[in-house]
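After this come two complexes, each holding subunit A, first together with subunit B and then together with subunit C.
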Partner chain A sequence: MEERPKALLLKFPGTNCDSETARALEAAGFVAEVLPISRANETVLEAAHLVVFSGGFSYGDYVMAGRLAQLEAERKLGDSLMRFRDNGGYLLGICNGFQILTKLGFLPRGSLINNTSGRFICRWAGLKREVSGNPFLKGLPESFELPVAHAEGRFIAPDGDAQDYLGRGLVALTYTSDINGSSSAIAGLADETGRVLGLMPHPERFLWASNHYDPDWRGDGSEWGWGYMMFKSIHDTIAAEIAGHSP
Partner chain B sequence: MTVMSPDQPAENFRRIEIRDLEPEGLGKLSEDMKLSLSIEDMIEIQLYYASEMRREPTDVELECIAQTWSEHCKHRIFGARIEHCGPDGEEVINGLFKTYIKEVTERIMETKPGFVLGCFVDNAGFIKLDDNQAVCLKVETHNHPSAIEPYAGANTGLGGVIRDILGAGKGAKPIASCDIFCFGPPDIDSGDIQADDVIHPLGIMRGVVRGVRDYGNRMGIPTISGAVQFDPSYIYNPLVFCGTAGVIPIDDIDKQMRGGLKIIAVGGRTGRDGLKGATFSSMALDTDSHEADQQAVQIGNPIEEKKAADFVLDARRGGLVVFITDCGAGGFSSAAGEMLSEVGGNLYLDRAPLKEPGMTSWEIFLSESQERMVLAVEESALPELRELAETYETELTDIGESDHSGILKVWHDGELVCELDNSRLHDAPVRQMSSEFVLESGSPGEGLDCADLVGELGALLSDFAVCSREPIIREYDHEVQGNTVLKPLAGASGDAPQDASVVRIDGSDQLMAMGLALLPEWGKSDPRAMGRATVDECMRSLVVAGANPDRIALLDNFCVGNPDNSRELGMLVETCKGIAEAAEAYGAPFVSGKDSFYNYFETEQGAVSIPTTCLISGMGIVEEQSHVTGASIRKPGSLLAVVGCSGPDMGGSVYARIKGVFGGQVPHLEPVAAMNSYRGVHQAISRGLILAAHDISEGGLAVAAAEMGFSLQAGLEIDLDALPAKGSPEVVARLFGEAPSRILIELDEASLSQLEELFNKTDFAVIGSTSSDHSRLRFTERGESVLDAELVALKEQWKNGLKHYY
Partner chain C sequence: MAILTAEVIGKLDGKGDADTLVYAPMGGDCTYQKTRVYSIDYNGASNDAEQFVMGTLVDGYAEEVSFTGEPAIENYAFFIDYGMKPGALDLEKEAIMSSHRGARDRSIDISSLKITQRVYIFSGGEVAPNRFIRDICNSAIHVWSVTEANDRDVA
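Up next, the complex of A and B:
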């Protein structure tokens, strides 16, 4: 029997998309574990292939979104998260998780601040895949849709850097229309290795075709939605690596 | 009597001398202590202490009894004996709740064994989802807090009803929320508000929406359903209803208290916020309320509740919960009352973690601080529970234990501050009330003629009663948990209105639809018709979304002005009769409900009451994913058909209101025929014969057709002569009339013969088609065009109605 890749989802007080994200990881073939941060330490990442920061409002996001979660993650995990990445591990941050990964410094420099409307927005957004070969996105078409739901989803980078990120292939996803004021319409960022991805949209909410707002949406003709394809892409990448390492 | 400084209590509690007080003295005492108890109530309490306890009560005991007996907790008006004089003649009603709600439900339950798995007793009503799981729903009001502090009032309104679900059974998982608001018109001139300190409807609306948003979104519970009504009568006393649905294994519904258990408190700390909320909400508002009663409004912290929720759900899954309830109105006193008043037990107030030092006994016992749950557990489970609390970073405190004494004993620093023997303290005295209602005969149709039907349709679509709620809906996360299958805004364009929302449920093939209705405009002239039509509209919204009409349960929430006014009480009585008649005909049991009285405001010009408002919300089982049906046109080349009969009556309609015509005859409802057609629609949905279905409600057929067309997939052509109708309605009534029980459906021509077999000919007709030739909405009569408008332009008006104000 093949070894199933392991995903570890770190849950903070106020994290609230952990169940559906774990469900999506399982559907794509992962063994998914949700670990409350209070129980985390420097050794918990050892068995994992993918570490996930899911959506929600960690510590209420009453300070800057993701800031307290960043401090707590650093306190609990020390530099084990960095070692995890350096040793070939994969990191995914969705919505609040993107904010946390940005604060932790695993993604290109910038901040996720209040939408230009000043409001929370819950809607579906058209997305464009800006890179090819990203392990999280390679099973997705060049344009697709995912739901977004955030108040602080506007990515801003130091002057001119957003364009630079685009040129360097660090911008993984852009919105097809300006929904929140993000620089260069950035919806998701990858790091230099491609093994870290942060995105504001919620792939776990588009697991099945039936999650789509249009009853006539057919996607690729299967029962799955685009979100599933994202989890499946990273699963297949990791599964292939595991198989490659096996004797 | 003097009120002590709250910061430095000389002592934890006081004895109050009531034995020798005359009735007036008792009344004054009730007033001074803000107990909201009548002189009759106070005499009953005096008698209990004199003859049963043979001592004077403590302040803790008086406050506790006042909470227990408050209208908010005890629903004394729904239990009152009412001498009613109405269209049915004179009669005596021994309890509105018993007569029109409980007994109706009991009769329906006999015909549907195994469907209702719990009602009226626990925090929420339960119905069976499948062999393993049940769904439950609770709707609460938070009107007075939202009037004086809109953000915090609505915030904690939703937080409170979520806790109701967490405390339902042994801890249900919240899966969806709804919110329903009644506000003054957002465009009213501030100068027209006739009292100081009343917050402008715009301020109320923005605060309330943000309050709901920040609690629901942070809790990770999708807010999937809602409604907003605007009417000048809600300026002084807005209404805020918040509801939450949950799911629970059937085996975890039943909970029994017993002796020998530990009582633990979990979640937030106890403070002075939210003192006397229950009694506060049982009084009318006035300008002083805005100053004096701020303390009654609680402060919400959704993350505290999220941590407690994670703890509770894990504890329940681990089989560690014997009994659980939330700290709502009355705080520890009501939670302890629920858990200990029969078996008996001890509660130690000094163990409760406090937000601030120096709180007196009654303040700790009665505080309605948010985010607290109280559980009864085996002592042997405590270590595991403490570990869980550490995992989720929530505070767990052992605050007492149950015994077999039958007496509730509350201790504070070693002193017994409250000792209540529930078996000897009688229930609050039954209130004696009288009510009357005279139905004035309305006239149909006068003053409703119109030359510019396109203009009128545009006015209807942009009216506050009809226009898109998108600016509000988008602020709520309605997709979290990833199960929202039918969203509040959907269709191919993603922004067209739907009737009910549907969520899938983990671990089940069956889904739950959530729907709701309220028609306060109807109630102004005919509350009984309002009651019937409100049940009808709720049923219909669930059926068109795909729910089985025989597997729907309802909740009743009433908001009333001054019940001591016999006419206002009479309108409530008539409303109750209406909902009971309809629910019985539909076989839809009431499984939970709530009432809110004293929704009036003393202005300088006199009291302004809200109209009698009845919210019917419902949960229905959608048996298969394929039954989920949207309300938006799917494609050109389909047929359009109507189920149900149109009529001439325009009373209560949005059209009559915008024409300034009031008091007209409201449409008639035939619930038996309606239920037959709903079963037909459901059959058709189950067989895959219906592409889309939309209920015809506010704004009538024209608005329903336009809304269906807002997916912008095709033009719509409708022949008004084909519309099934009684009483030969005029064009205006055919277009804009709001006869109940009607559904507009889109179907493939190939399905027509099968559909026709399902319906009686008088109630079903093909009235038009969808077209790829144009993108217009066209109505014809005798071959002539009577209304022809571009759908994109209509949609623009509909989408912009609220945009300027929110």
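Up next, the complex of A and C:
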């Protein structure tokens, strides 16, 4: 029987998008498990192919979004996450998960801070895929839409670095319009290996075509939305690796 | 036991229109800027206490911190410090303290932490603090103080 890729969703107090993210991962073919960070250790990481930090408000976003979750993840897992990635594992951070992965140092240097409007935004965002071949994004068209919902989604980098990230192929996604003041309109970042992706938009909220605000929307003619395509992309990559094929 | 005061300032935060702080806009030329002030009672080395602040309470890319105990921003008309009443549940404080207690290798022991939001008001003319206090602070849960440019506490 074919082995299904395993996704492990690490949950902090205040994480609240884990259920729908697990559902999206299951729909794409993963076996998904939600695990409180208090029970996380290197052994459970080793059993997973994909570790996901899903959206929400970990620790109430106190101090700054993702900081207390970063500290707790460092305490509980130490270098295990780094070894997990170095041994071929994939890491995905969505919204608050992107903030956590950034603070953990898995993504290019920078920070996600308050939107320039100073307000929480909840809307659909036009996105542009800036890289080809990223295992999380290869099933997506060059332009697509996903919902966003964040107060601290403005990515900033040290002087000049955001443009440098674009040039080096580390910017996975950009917004098609300036919705939050992000440097170089960055909506998602990948690491040098392509095995780590962080993005502010919520792919799990556009699983089905019927999630779209336009009831007649039919992106690729199927019942699925673009968010599903993202989870399906990484599923197919990992499934091919498990089967011994090059993805 | 020592006390460290840390005022955290957003590097990218400019002055905003003070009318956005109040329910009835004043239509003047008042502006404001917000910072956070942490007052930490601790046992340990001062360098370690500052490291705790930098590692836990400050975003190194977007924020900077002043440890002088003096107001970090100048040329204000006055500033309002407000925070949770003693005895009121301060969830942010509890989250920070819980995180600190959970650290296996902590280099300082924090015995108490006070978190204050500071709002600097800038104005070319006369402006009274009371209308800002009324709309910013909640007397049910907050305590506050006002410091004018001449360092005189007025409320």
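FYI, the second predicted complex is superposed on the first by the 244 of 247 C-alpha atoms of A that agree within 3 Å, B and C clash if a C-alpha of one lies under 4 Å from a C-alpha of the other, contacts with A are read in each partner's own complex, and residues count from 1 in each chain.
Assume a residue touches a chain if its C-beta (ideal position, glycine included) is under 8 Å from a C-beta of that chain, and two chains touch if they have at least 3 such contacts.
All values derive from a computational prediction rather than experimental measurement.
Within the superposed three-chain model, A:A157 lies in touch with subunit C and out of touch with subunit B [touch as defined at top].
Look at A:M230: by the touch rule set out above, it reaches neither subunit B nor subunit C. Contact comparison for subunit A: of subunit B and subunit C, B touches the greater number of residues. Contacts of A:L81 after superposition on the shared chain: neither subunit B nor subunit C is touched. After overlaying the two complexes on the shared chain, residue contacts for A:M64 are found with subunit C alone; subunit B is out of touch. Contacts of A:A190 after superposition: neither subunit B nor subunit C is touched.
By the document's definition of touching, neither partner reaches A:L45: not subunit B, not subunit C. Contacts of A:I179 after superposition on the shared chain: neither subunit B nor subunit C is touched. Touching of subunit A by both subunit B and subunit C, each in its own complex, is seen for residues 59-60. Residues 59-60, 62-64, 67-68, 71-72, 75, 109-111, 113-114, 118, 156-158 of subunit A are the ones that touch subunit C when the two sit in their complex. The touching residues of subunit A, when paired with subunit B in their complex, are 13-14, 16-17, 19-20, 23-24, 36, 38-39, 55-57, 59-60, 119-124, 147, 149, 202, 204-205, 207, 210-211, 213-216.
Taken in their complex, subunit B has these residues touching subunit A: 213, 217-220, 301-303, 306-307, 310, 390-393, 473-485, 487, 489-492, 494, 504, 506, 625, 628, 630, 634-635, 692. Listed in rising order, the residues of subunit C touching subunit A in the complex are 10, 12, 16, 56-57, 59-62, 91-92, 95-96, 99, 102-104.
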